[in-house]
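Just dropping this structure here.
A, B, C and D are the chain letters, set down in written order, and residue numbers restart from 1 in every chain.
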Amino acid sequence: MGMIEGFGIQGLQMLLVVALAPGLTGLVRRIKARLMRRRGASILQPYRDIARLMRKEVVLAENASWLFRAAPYLIFAATWVAAALVPTFATGLQFSWTADLIALVALLGSARFFLALAALDVGTGFGGLGASREMMFASMAEPAMLLTVFVIALVAGSTQLSTVVQAFSGPTVGLRVSLGMAAIALIIVAIAENGRIPVDNPSTHLELTMVHEAMVLEYSGRHLAMIELAAALKLLLYVSLIACLFAPWGIAREGDGPAALAFGALAYVGKLAVGGSALAAFEISVAKMRIFRVPSFLGFALMLGLLGTLLLFVSRTL
Amino acid sequence: MLEISAAAALGLLLLSLTAAFLGGRGAGPIYALAILPCLVAGGAGLGVLGGAPVGALTLPLGLPWIGAHLRLDSLSAFFLVLIGLGGAAASLYAVGYGRHEEDPARVVPFYPGFLGAMMVVVLADDAFTFLVAWEVMSLLSWALVMAHHRAIEVRAAGYLYLVMAAMGTMALILAFGLLAGTSGDYSFAAIRAAHHSVAASVAIAALVLIGAGSKAGLAPFHLWLPRAHSVAPSHVSALMSGVMTKVAIYAFLRVTFGLIDPLPWWTSPALILIGAGTAVLGIVNANVASETKRILAYSTIENVGVIFTAIGLAQAFAADGLHMAAALALSAALFHAFNHMAFKSLLFMGAGAVLNATGRRDLDGLGGLIHRMPVTAFLMLVGVMAISALPPLNGFASEWMVFQSVLASPALTQLGLQIIVPAAAGLLALAAALAAAAFVRFYGLGFLGRPRSAAAGEAREVDRFMLAAMALLAALCALAGLMPALVLDRLAPVTQALVGGHLPQQLAQPWLTLVPVSAARGSYNPLLVFVFIALAASAAAWVVHRLGTRATRRGPAWDCGFPETSPLTQYGAGSFAQPLRQVLGGTLLAVREEVDMPPPGDARPARHRVIQHDLIWERAYLPVADAVQRVATSANRLQFLSIRRYLALVLASLVSLLVVLSLWG
Amino acid sequence: MGHMSFDIAHLLAGGLVLVSFMMIYQDRLHALLNTFTLHALVLTAAVAWQAWTQGADHLYITAAIALIFKAIIIPGALYRIIRRLGIHREVEQVVGTGLTMLAGMGLVALSIVVMLDVTTKATAFAREDLAFALSVVLLGLLMMVTRRNAVSQVVGFMSLENGLILAAAGAKGMPLVVEITVAFSILIAFIVIGVFLFRIRERFDTVDLGALDRFRGEMR
Amino acid sequence: MSPVVLVLIVPAAASALLALLPGYRLGARLNVVASLLTFLAAAALLVLPRPAPNDYLLVDDLNIVFIVLNCFVGLTAAMFSAGYIGHEIETGHLSPPYVRFYHAMYQLMMFGMNLALVTNNIGLMWVAIELATLTTVLMVGIYRTHEALEAAWKYFILGSVGIALALFGTILVYVAAQPVLGDGTPSMVWTNLMKGAPHFDPALLNLAFIFLMLGYGTKVGLAPLHAWLPDAHAEGPTPISAVLSGLLLNVALYAVLRFKMLMAAQPAAIAPGPLMVGMGLLSLIFAAFMLYRRRDIKRFFAYSSIEHMGIITFAFGMGGPLANFAGLLHMVMHSLTKSAIFYSVGQIVQIKGTQKIDRIRGLSQSHPALGWGLALAILAIAGMPPFGVFLSEFLVVSSTFARAPALALLLVFGLLVAFGALLLHLNSLIFGEPDSPPTPVRISPSAFRLHMAIVLMAGIYLPGPLVDWFQNVARLLG
């Protein structure tokens, strides 16, 4: 593959994820609304929201520091770079080797780190509440995710996502208990990390139940737009990650022609739609849990991840 | 090179004597003078890592019949670089920090000697010289810890520290006793030449683990560390946490990878689990501690745990003959040691700067310092990002390497290890995530938000020496994070010597990517990640500012419409820790919370009390202390007997000896 | 002659052990001092007999010292002390007489076992003597341990020392015996003076431990 | 005149002279001068060719260590004593007649100890040790307080019983030697005994050794025979505490070592090692625990002396070139360090007017030189480098662990327990808020500094000839 072409695909993918992310959020909201017998807003509503926010004046708290103002961009950038690393419709991206799965987890961690710091910056009670809960969730979710990464990497012999996807789409992997566990763990982590029901409620503004929203309470205008976009990107990232790992069908290989690329893109959009619908369906069928039930929910993921690694060795040595 | 570094160490020791004669006067020049030998020694170490010949030297000192042997090989050189860098930065910092010392006569005379002793430890090539330097290092750092001796907790911390240090030294003496046998030749050359049985090797390794581990802060010998590190003057805390723990790691590596035959594989699970357990234990405590320097000290325990886990991995791989994997794990351990030196020193210096500016070390008395001390706050942000293992800084680079070496575990032949390694990796992942939580709390409460005390509200930025030292270390964190190849390539001779393999040359990889094994296995390019993030962030900012608006207005905080003016309504150290305390503290800390809620209509305030226990302290340390005291009390009755009873003792000993003799004969 | 001299030496040494037992048996100070005088007299006889059989004239000096100092001066001084302190009829054993006697028996048996087991090559003469001397030493120590009163402890110490003199006299041709006797006599004189001057009685041993603590300058 | 004779005559003559001379200043000076002369004579022994041993005097590699050390500490203690006594007279603790008596006794004690060390005759050795004991008894009781008399009395009675036991042991050695070496003096001469030892009755030697070990062991201060030692150290004048710890214990130990060599020369006899090892360990561990509850600073360091005598006895009991070397070195280092500690403590007690540990606080704040000096000395005695005690402890522990791990573990246990106690009291003595304003120190610290300099030097650099000599002695000890 030529250099220019590689850059092109890479750039295309980066733009694609940004472009699709609000759409996915909108889709989920829409389906949720329909399932609850509401009409719901258009799928495009998140785009409109973001555009509107961008044009609005920012109201900064008096004692907000530069960190508060820089954080939205950093959060967005980190999430975006992470999202760009996940193969969406094609593997063998030009810069896929810059970071692997572990780095991807860490990039998301960076975004969260800055978000939590920003939440503490103004010095309100809600900011601290959100940040402390978020970090508590993260301290369970991140190791769970890393353990699933280990399962995947041990099966595929690599932490490089392109390599992993190629390996998984090949015939050698087959069906494995460990991978199943890893998939469930990853889904749980995805729910928690994106602040979906039952862990958090993305649409709540009831103070005591919120986590993510509590952290961004002081943001407004373009800053809030960046954060909303980052949140949407994160959801997209997780869905694409789960899709490319556990449903690697249709992804264009390195060196495939434009037809394969087009098919890959189509398949990708399809997978997003399916993932979004599944999420929506799941969200309306469960109730939000109490805050201190969440750790055991995430602990379950952690256990699954650990069990996955253990079973991997047991089943292989048997 | 050896001569130069030995001269540097000697120079530092002499500087100590000079300072002792000056009795606390001339602190600034002495600290400034201490920088030079550190740089020289660090340079000499770099020289050896860069291929200068290994030097050896015998001085007619120490143990009379063998003399004092010194040797500078690649392992020593690496740690010498570490000491040199950490020491130079701490000394530069101290030029400024030392001005505010209330009683410099209790700090300055011990400080250069402490640095010098650490250098001698890594240079020593015989057991006696090693132990003397080791103990002098402990002793001088103890004296430094006792600098503010008027506070009872300082004395208690110093006591615990030196007793634990003595215990560690005893373990090392026993280990060297086994190593040298009865011949009395304690030089490392003779020890290397001797053969040790497997049982002896394992016993030696266990003793060294106790000896070096207690100095490094390995659980369950870690309890002195948060106490002592947090009460020492801050530049000393930086050295103790950043550098002295590394000297302890050096000791462990020196003995287990150099002086004894390779250990059997079944010793490594113990090491790995102790390391991983230490990491989690340390960082959980860091999450609930409420003093800045104590949080940092607990985090040191975590990082030491990570390093020991990596060393355990290296040992497991080496025992299986997997030299490449062993080299990867060992490189990860050493790289992490290097990184920890950089960011932990930086963080302690920052905590010291805050202490200096506000007089507070409790998070509940800080806040808002990002406005009052912008430079310190920025440098500390680099530090907390590095220690929280966030890309593209150095903490993540070494953490990443540790995980990469975990992923080499399928090559291991023992099922037990195959199972334990990922489990330990899970613990490390937990520790890493908890570290991020701890440092969000640390930074968020300390530097962000509104000041929680008048002192924090009136803080002033510290002087340029302190800032320069912190800036240097922050730059080091960034450099080692963005171009890990610069450090990793220097490690090749070390890993080659210790485990017989080394990583491929990293500087030669395209785009300066970090490729430990092969590109297909996993690679990470911090430079590009950094560039991407920077580009993405600035592109986003540009687009937003271009398409949207730049308008900004300042107003009161929103806070759901009910902004509260008192800074005490912010989250504090206890409240931020509450979720994690609730989740993890139940078992690890035996936390209990008591809420006293007045009935409706009652005007008295509600009370919330957290009862927290350190189980290791209560179940392991206090019983020992109690037992000693009990025995002492009952033995003490013998002080108050009458002469008749003393005579009865004499008669009893005489008769029993005679009976023994008659039975024997 | 050889047999006869051995028998007499044996008899006298055995007599000394017997008197030691009598001393342990005494529970009144006055009677104890009387018995000790007897102890010193038997020692004098034993040493004089050794001087005669060994032909060692310097042992006569030892015998004389034993007679004059131990049988006359010291008991006399101690009589005065106990009368002045008014304790001459006091019962002051810590352990009951029977038990003490039993322990004494054990000690004698022990010393005989140890000695007989041991000195197969030495002359029977020295061997028997040493066994008895060791018994006297141990019994003296036992007496110091089982008595509460300073005076009877001094007596115990002196009987211990008598055993040493017996041993030294029994060792054929041992030099410095006289010097040692003199040295010990000085020691005992010191002790007696100490008892006399400082009224050690209450400090030597007392039931009141609180008082002891005060004296030792260190409270519990 | 041979230096050996001088070592004996100078103190004896000085004692007589001091008994006659009035005036404590003159007496103190003369005391120092006499000690200096004695020390010079002892030093001359090192250099000059040694006299051949005769029936009464013997100078060999072993006892020369003790003699030189003895005379050196005797000298520095006399120097310290001069300042100390001056202060005691000023404050009225002592009256001039008592001081005259004190000085005379001091030299008499030196005479007794030197005699015990140079004599070639085990009977004379016994007499000399008794003499040294008696003189120290008198000096311990010199303050004539209840406590001092009590301590002196205890020392006296326990010492007398010990001496009696030692005498019985000496008689037994004679009885064992007499069939081989003949009647009379030859059978009590050390050099003859060593030659004849292989033919002695082993069983008699066994019995003798038990009595000698217990008898002289009482003087060494080994548990459970130690009871006199803490009180005697605590209640006597501090120079005498220094001399007791630094010298008298060594002299008794010397006697034990001599008889240990004798035992070793007869292979059929029981090995003396286990008994010494056992008593050494018992003393170490017992004293280590006793250190915790001490409230009197001098008694505290007295227990530390018991602890160290335990270590030394242990080392000699283990035997072998490394352990013997270590034991010898440890003995020298302990003497120097402990007497230095007592010099320092003497000043502190005079400044603070109390021996109670909890009334002495924050010395590093109120008297920096004195406080840091004491801190260094305590750390030195606790076995911290770069002081000499560390070298010997390192050798004892490491060499023992390679031979008898269990014993080494016990040893380490005792050392750590003792370390904990030493540090505990160091913390309260040296650090914290001082409870009284600084008062000037008047006694010159030269004796203290001299000792500490030597101890520091030994920890870093031991001169080659000294090492050769010590190694030679270590070989002699077997």
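Criterion: a contact is a pair of C-beta atoms (placed from the backbone, for glycine too) under 8 Å apart; a residue touches a chain by one contact, two chains touch by 3 or more.
Not measured: the values here are computed from a predicted model.
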More contacts between chains, B-D or A-B: A-B
Distance between chain centroids, defined by C-alpha means - subunit A, subunit B (Å): 35
Mean-CA-position distance for subunit D and subunit B (Å): 44
Computed distance of Cα centres, subunit D from subunit C, in Å: 31
Subunit A and subunit D: spacing of chain centres that average the CA atoms, whole Å: 77
Residue numbers of subunit D (touch at least two other chains): 153, 157, 161, 203, 206-207
Multi-partner residues of subunit A (each touching 2 or more other chains): none
Per-residue overlap in subunit B, given as positions that touch at least 2 other chains: 636, 639, 643, 647, 650, 654, 658, 661, 665
Set of all touching chain pairs, with the criterion as stated earlier: A-B, B-C, B-D, C-D
Complex contact set, residues of subunit A against subunit B: 53-63, 65-67, 73-74, 76-78, 80-81, 84, 95, 97-100, 102-103, 106-107, 109-110, 112-113, 116-117, 119-129, 131-133, 135-136, 138-143, 146-147, 150, 153-154, 157-160, 163, 207, 217-218, 220-222, 225-226, 291-292, 295, 302, 305-306, 309-310, 312-314, 316-317
Contact footprint of subunit D on subunit C as seen in their complex: 114-115, 117-123, 126, 130, 133-134, 137, 141, 144, 153, 157, 160-161, 163-164, 167-168, 171-176, 179-180, 183, 187, 190-191, 194, 198, 200, 203-204, 214-219
Residue numbers on subunit B that touch subunit D, as the complex places them: 23, 60-65, 105-106, 127-128, 131-132, 135-136, 139, 146, 149-150, 152, 155, 158-159, 162-163, 166-167, 170, 173-174, 176-178, 180-182, 184, 186, 628-629, 631-633, 635-636, 638-639, 641, 643, 646-647, 649-650, 652-654, 657-658, 661, 664-665
In the complex with subunit C, residue positions of subunit D that touch it: 123-124, 126-127, 130, 134, 146-147, 149-151, 153, 156-157, 160-161, 163-164, 167-168, 171-172, 174-176, 178-179, 182-185, 187-188, 201, 203-204, 206-207, 231, 234-235, 294-296, 299, 355
In the complex, subunit D residues that touch subunit B: 153-154, 157-158, 161-162, 165, 203, 206-207, 210-211, 213-214, 218, 224-225, 227-228, 230, 270, 275, 286, 289-293, 320-322, 362, 364-365, 368, 379, 382, 384-386, 390-391, 393-395, 397-403, 408-409, 412, 415-417, 419-421, 423-424, 427-428, 431-433, 459-462, 464, 467, 471
